[in-house]
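Below, chain A partners chain B and then partners chain C, in two separate complexes.
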Partner chain A sequence: MSTQTPRIRLENISKNFGKVQANADINLEIHSGQILALLGENGAGKSTLMSILAGQLQPDSGTIYLDGDPVAFTGTDRAIKSGIGMVYQHFKLVEAMTVAENVFLGIPDTLFIRKKAMNREVRELVEQYGMSVDPDAVVHDLSMGEKQQVEILKLLYRNSSILIFDEPTAVLTPTEAERLFATMQQMIGLGKAVVFISHKLEEVLAVADYIAILKRGRVVDSMPRSAVSGAAELARRMVGRTVLLEVDKEPVELRQTVLKVAQLNGMGLEDVSFELQQGEVLGLVGVAGNGQRALVETICGLRIPEQGAVRILGQDWRKFYSRNNWEQSLSYIPEDRLGLATCRGLDLVDNFLLTTRGGFCRGPWIQRQQAKFKVESLIEKFDIRPPDAHALAWQLSGGNLQKMVLAREFYRRPHLIVAEQPTQGLDIAAAEDVWRLLMHAREQAGVLLVTGDLGEALALSDRIGVMFAGKILGIVDAGDAEQVAKIPEMMAGMSVDI
Partner chain B sequence: MNQEMIIPLLAAAIVSGTPILYATLGEMITEKSGVLNLGVEGIMIVGSLAAFLVAKFTGSPVLGFVAAGLAGLCIASLHGVVCLFFQGNQVVSGLALTIFGTGLANYLGTSFVGISAPGFSAVPIPGLAEIPVIGPIFFQHDPLVYVSYLLPVCLWIFFHNTRFGLGMRAVGEYPEAASAAGVNVQNYRWLGILAGGFCIGLGGAYLSLAYTHLWTNSLTGGRGWIAVALVIFAFWRPGRAVFGAYLFGGIMALQLRMQATGTHLPSSLLLMLPYGLTIIVLVLSSLKRERTGAPAALGVNIEPVD
Partner chain C sequence: MQRYRVVKRQERLGWRSCFVFLVAIGLSLLLSALLLALRGTSPLEGILVLFKGGFGTRWALEDCLLKAIPLFLCSLGVSIAFRLQIWNIGAEGQFALGAVGATWMALSFPDLPAFILLPLMIAMACAAGGAWGFIPALLRQKLGTNEIIVTLMMNYIAIQLLDYLVYGVWKDPTSFGFPMTQTFSDQAILGRMGTSSIHWGIVHCLVLGILFWIFFTFTRTGFELKACGDSVRASRYAGIPYDRLVILVMVLSGALAGWAGFLEASATINRLQPSIMVGYGYTAIVVAWLARLNPLQIGITSFLLAGLRVGVENMQLDLQVPAAYGNIMEGLILLTVLAGGFFIHYRIVMVKSA
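Our next item is the complex of A and B:
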């Protein structure tokens, strides 16, 4: 990198949440006049790193240097004073206030606010950067792109010199994204430093000067933009030499077709078709936001398909969901463990009964005592900690809660399992447990494994489908090394002959 | 009804609306910072007793007035400790405060029931008081009424034209955004609770120092609850709170007058009027479908950054 002193230098920054290493020994430099792209999947530790920079989290170890001097950002105000500004993925704007009021919020100034002067100053900034938002408009009425402009205006008004954008294009239309990139270029032209967090390869290649790749909390690779030939190479570096965890993958005899999706269209999906048989794991890999959510929700009955057919266990979805079989049917293991899968304030027995109460009913009565015995035996069998059937869901760590969810779902002896990012945010030991359980479940069920982690998909799947922009670009056999090598390129959206 | 009856009725509406106005504005300050305080009734009655006792033993109603504010602030600080320090449930804490305050004031005040204390009396404002109609209605009252005229204006300016007001509104709407912009959320919530408690206490003082000049048990008589409802009716706007408080003051005054002149209606039905109106007001204001101005984060505790 260049020889000048970096605006910010991170040295061996580490941060743990319980047993999960969110950041491990991170070294990074942020230079003025440069766009640094941080590339990584969900849960790779990007957000944690940025929260540390913004003063919202304190690192467990490591040092931050500002212009060569060590600093500690013990609060957001400290970071703001040092010139660090964040554009959060979820906007931090007060909806009921005007644009100008949001810009002026928290600025130490005179006691009284002069509305006209305030609007004029904001308008000047808007014009200087070629934006389009009206300072007097209420934020509530703005589009997502305009709201983001307000976030940027806040930073510009504070003269922030290090601007961090957390997944800024996720909510933007392509034109709005183009405009954002122009603004970013304008900023580095003025000598500011820009950090651009993304998982979209094309965008990173389009704007970045320097690229760092984050994976499981570590910077696994970093390079100047000029050293990368294209998206394919970047994808390969991102996926890396996957540390393949050895999971016993005994072939299981395939039986009936448990899931058939045909020509699913709309909701961001394009002509999605595939079949899944009992006894196999179909991995669906892809960078998040390429239609996986819509697909999973359609299969699991949370959305009505706009076009196309979904057949579950040999029945049309409409018929399947009108019957209420708690056993030997479909189990959904959602990404959102503490929201969709469980109720945070209920204990394990109640959470267990959420999907299995069909088995513990006598007339209108629920046999709680029997359910409790069952939960206790499951806790022992799955080694869930703390071993207390009356522990509340939120009191469990991510890994133990996930095991509880799996224990509950497997108790239903499902024939179709849809698992969405099942090991996200788990430490390695817990992830291995989850993998083992999924492999075991495969003996009696078809498993649809939706994940952003290619390593996970390779370890577990019999076949792997790649999703990009709402399409399944292809489904390859996990045993075929030649085809598997093409997956990273397909994840980047390149068409590859299979 | 002729003019001779209407003007005194309206003047009486102002007087009986004033304590409600103080309490409503106090609760509004607290809620604007995102904290729901259902302890208004309790804070108000403690303020009322404090005003009475200090005025009685010092002979100074002004000192009594200030003491009521401070007493309100102290009681409200309990709510702050529970909700801001221990992240406790705001509804439960507020209700407990009402029960505690009412009990405390009635207990400490037992031996003073029926005893009078020096208070404020009417001071017509020279010039303004002589204006026909307007003068007798608005400008022939005690000084505390005049103070209450200024309060909503000050509050409006505070919320809309000062950076502290801007910060407080932001904290009530979206604390995370305020925090990200470098605003100290906890400090603003403390400010909202304490300043609100002070105002509510002043409302109590009006009852024992101006409305009556004596102490009786349960002097506030549910006015604190009306204030809570009025904040909603006012859509969290100080100007509308004035209108609401005087509307209720008017109903209370009318009800007294009707009892005095003798009607066929049973008195308990008349006594019910203000509370019946409270329910109607709440129903009507919840009919407004679009934004009512309620702070979006009202009642939501936030974890302090460690």
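Our next item is the complex of A and C:
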């Protein structure tokens, strides 16, 4: 990197949440006149790192240097004073006010509002940075791209010199994204520093001057843009090939087909077809946002398939979901453990009954006492902490809650398991437990493992499908090294012969 | 420099949370006393008259209980819906419809024996109240309307309907033009217990309160309601038929308010007349929140708020305090107790900042 003093330098920043290392020994430099791209999957620690920079979180250890001097961002106001500005994914705007009013909101100025001067000052900024938004327009009427421009204007008006964009293109159309990149270039031309958080490889390559890759809380790789030849190389560096754990993958005899998806279309999906048999793990890898959510929700009954057929355990989708089959059926282990898989305000017994209540009913009565005995034995068997059947779901750590969800779902002895990012946010020990449980479940069930972590998919899967832009680009045999080597390129959306 | 920061409590307050409650009540009494002082009434005397009038004599206590009965049932009703986070504020209208339904039976079959007529009246009251809850639920389901607005608007329709009946077709020809029906036949009147003025409706409350508790604690549907109330997403994930449960709670909610309407018409007034509507359905919402939707606490709170009503009536007579004062006190209690709820989950700590 260049020899000048960086605007911001992070030295050995670490942050733990309980046993989970969200950030571990992070070293990074942010320079004026440069765009730094932070690449990483969901849960890789990007948001934590940015929250530390924005003063919302305090690091457990490590130092932040501003222009070479150590600083402590003990509150958001301090970070803002130092010139750090965040553009969040979710806009924080007053919809009923005009653009200019939003920009001036919260700035202690004179008692009276000077409407004309406000509009003029905002218009000057808009022109200076090549934006298009009208200062007099009401935010309510703006497109997502224009709203984002208002957020940026707010920061520019406050003279922020370090602008951090958290996945800014997620809500933009391609043209709007182009315009945003142009604005970013203007900013660095004026000597500001830009941090661009994304998981879209192409965009990162298009705008970044320097790229850092975050994975499981660590900066696993960093390089100037010029050192990367293209998306394929970046993908390879990003997904890595380090298998964290060798799981015993004894081949299991394949039995009946438990899931058959044929020509599923709509909801952002394009001609998705595959089959899954009892006894195998089919990994579906891909960068988040390429149609996995729609596919999983359709299979798991949360969305009605628009076009195409889904057959589960030999039954048509509609027929399968018209009856309540709690046992020897389908188990869905969602990514959102606290919001979807459990009720946060209920205790473990009630959460256990959520999907197993079919087995604890006699007539209209629910047998909570029996369920409680069962939960207590599961707590012991799966080593769930705290070992208290009356603990509430939100009081459990992510790993323990995930074990609770798995314990519950395996109790149903499913024949089909859909596991979505099952180890996200878990520490290594908990992740290993989850992997072992899934491998074990494979003997009874077909497992559809949807993950963004290629290492995880490789460790567990028998076959791996790659999703990109709503399509399955191909399904490769996990044992075939030559084909597996092509997966990173496929994840980046390149067509590869297999 | 010292600053204050809000911190979430790690451990639950448990029984100590009643201190928060007491402080809140005390604060609302203080504010109420201040209001009295503003209009020149001695605050101490005012509060004293209030308590004496509400709980001081046997007559007052009996009156409290009588007023607590419809309050309890309406409140039980709305709390079923509130537990599912469905905001039924239509207990007033459902209560009115219940009274109308019961009256219909009482006027149509005055000569049936009591053991048939009374259950018939109850059934009709529940059906009418339940139907008044079913309509907003259906509209919510099919058209995505907001149940708060629809239930509120339907209150006015119900009251107008009641007025129409007692001013028109059901008007007693011997009432000298007063808007009221004939007095019910003896078989249509729920009797009083012994020599007291308390009618048997209190036993209905007891039984229904226990059934409410059993329903939510021991039945499968009760469990499903509990899960939906905590997280709609998670209950959809678990295959719980949320939409059907919304209809169910609205019907049950309306049926309980309707039952209260039956008791009021049959046991308290012995006929239908517009003065049956004294706002129990709205006070029931206050009761439900103060009691945190718990049936036992609903019982206690109903009694206390009924006491407030009786006490304020007493203040009206003795000290010429306007009737609206009771509503103000009700509102103050609700606000302070709900605001106090904040301290059950959070505490404020002083932080020294450098």
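Quick note on the criterion: the second predicted complex is superposed on the first by the 492 of 498 C-alpha atoms of A that agree within 3 Å, B and C clash if a C-alpha of one lies under 4 Å from a C-alpha of the other, contacts with A are read in each partner's own complex, and residues count from 1 in each chain.
One rule holds in what follows: contacts are C-beta pairs under 8 Å (C-beta built on N, C-alpha and C of every residue); 3 or more make two chains touch, one makes a residue touch a chain.
These figures come from a predicted structure and were not determined experimentally.
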Room on chain A for both chain B and chain C (clash or fit): clash
Touching partner for A:Ile84 - first (chain B), second (chain C), both, neither: neither
Which superposed partner A:Ala96 touches (first chain B, second chain C, both, neither): first
Partner chain(s) touched by A:Leu438 [first = chain B, second = chain C, both, neither]: neither
Touched partner set for A:Ala389, first chain B, second chain C, both or neither: neither
Which of chain B and chain C A:Lys115 touches, first, second, both or neither: first
Contacts of A:Leu105 with chain B and chain C, given as first, second, both or neither: first
Part of chain B, among the options 94-102, 130-138, 166-174 or 274-282, whose backbone runs into chain C after overlay: 94-102
Chain A to chain C touching residues, read off their complex: 300-302, 321, 324, 332, 334, 339-346, 350, 353-355, 357, 361, 364-366, 368
Chain A contact footprint on chain C (complex, rising order): 217-224, 226-227, 230-231, 233-239
Touching residues (chain side chain B, partner chain A) in the complex: 160-164, 166-167, 169-170, 173-174, 176-184, 291, 293, 296, 305
Chain B contact footprint on chain A (complex, rising order): 54, 56, 75-77, 80, 86, 88, 91-97, 101-102, 104-113, 115, 140, 154
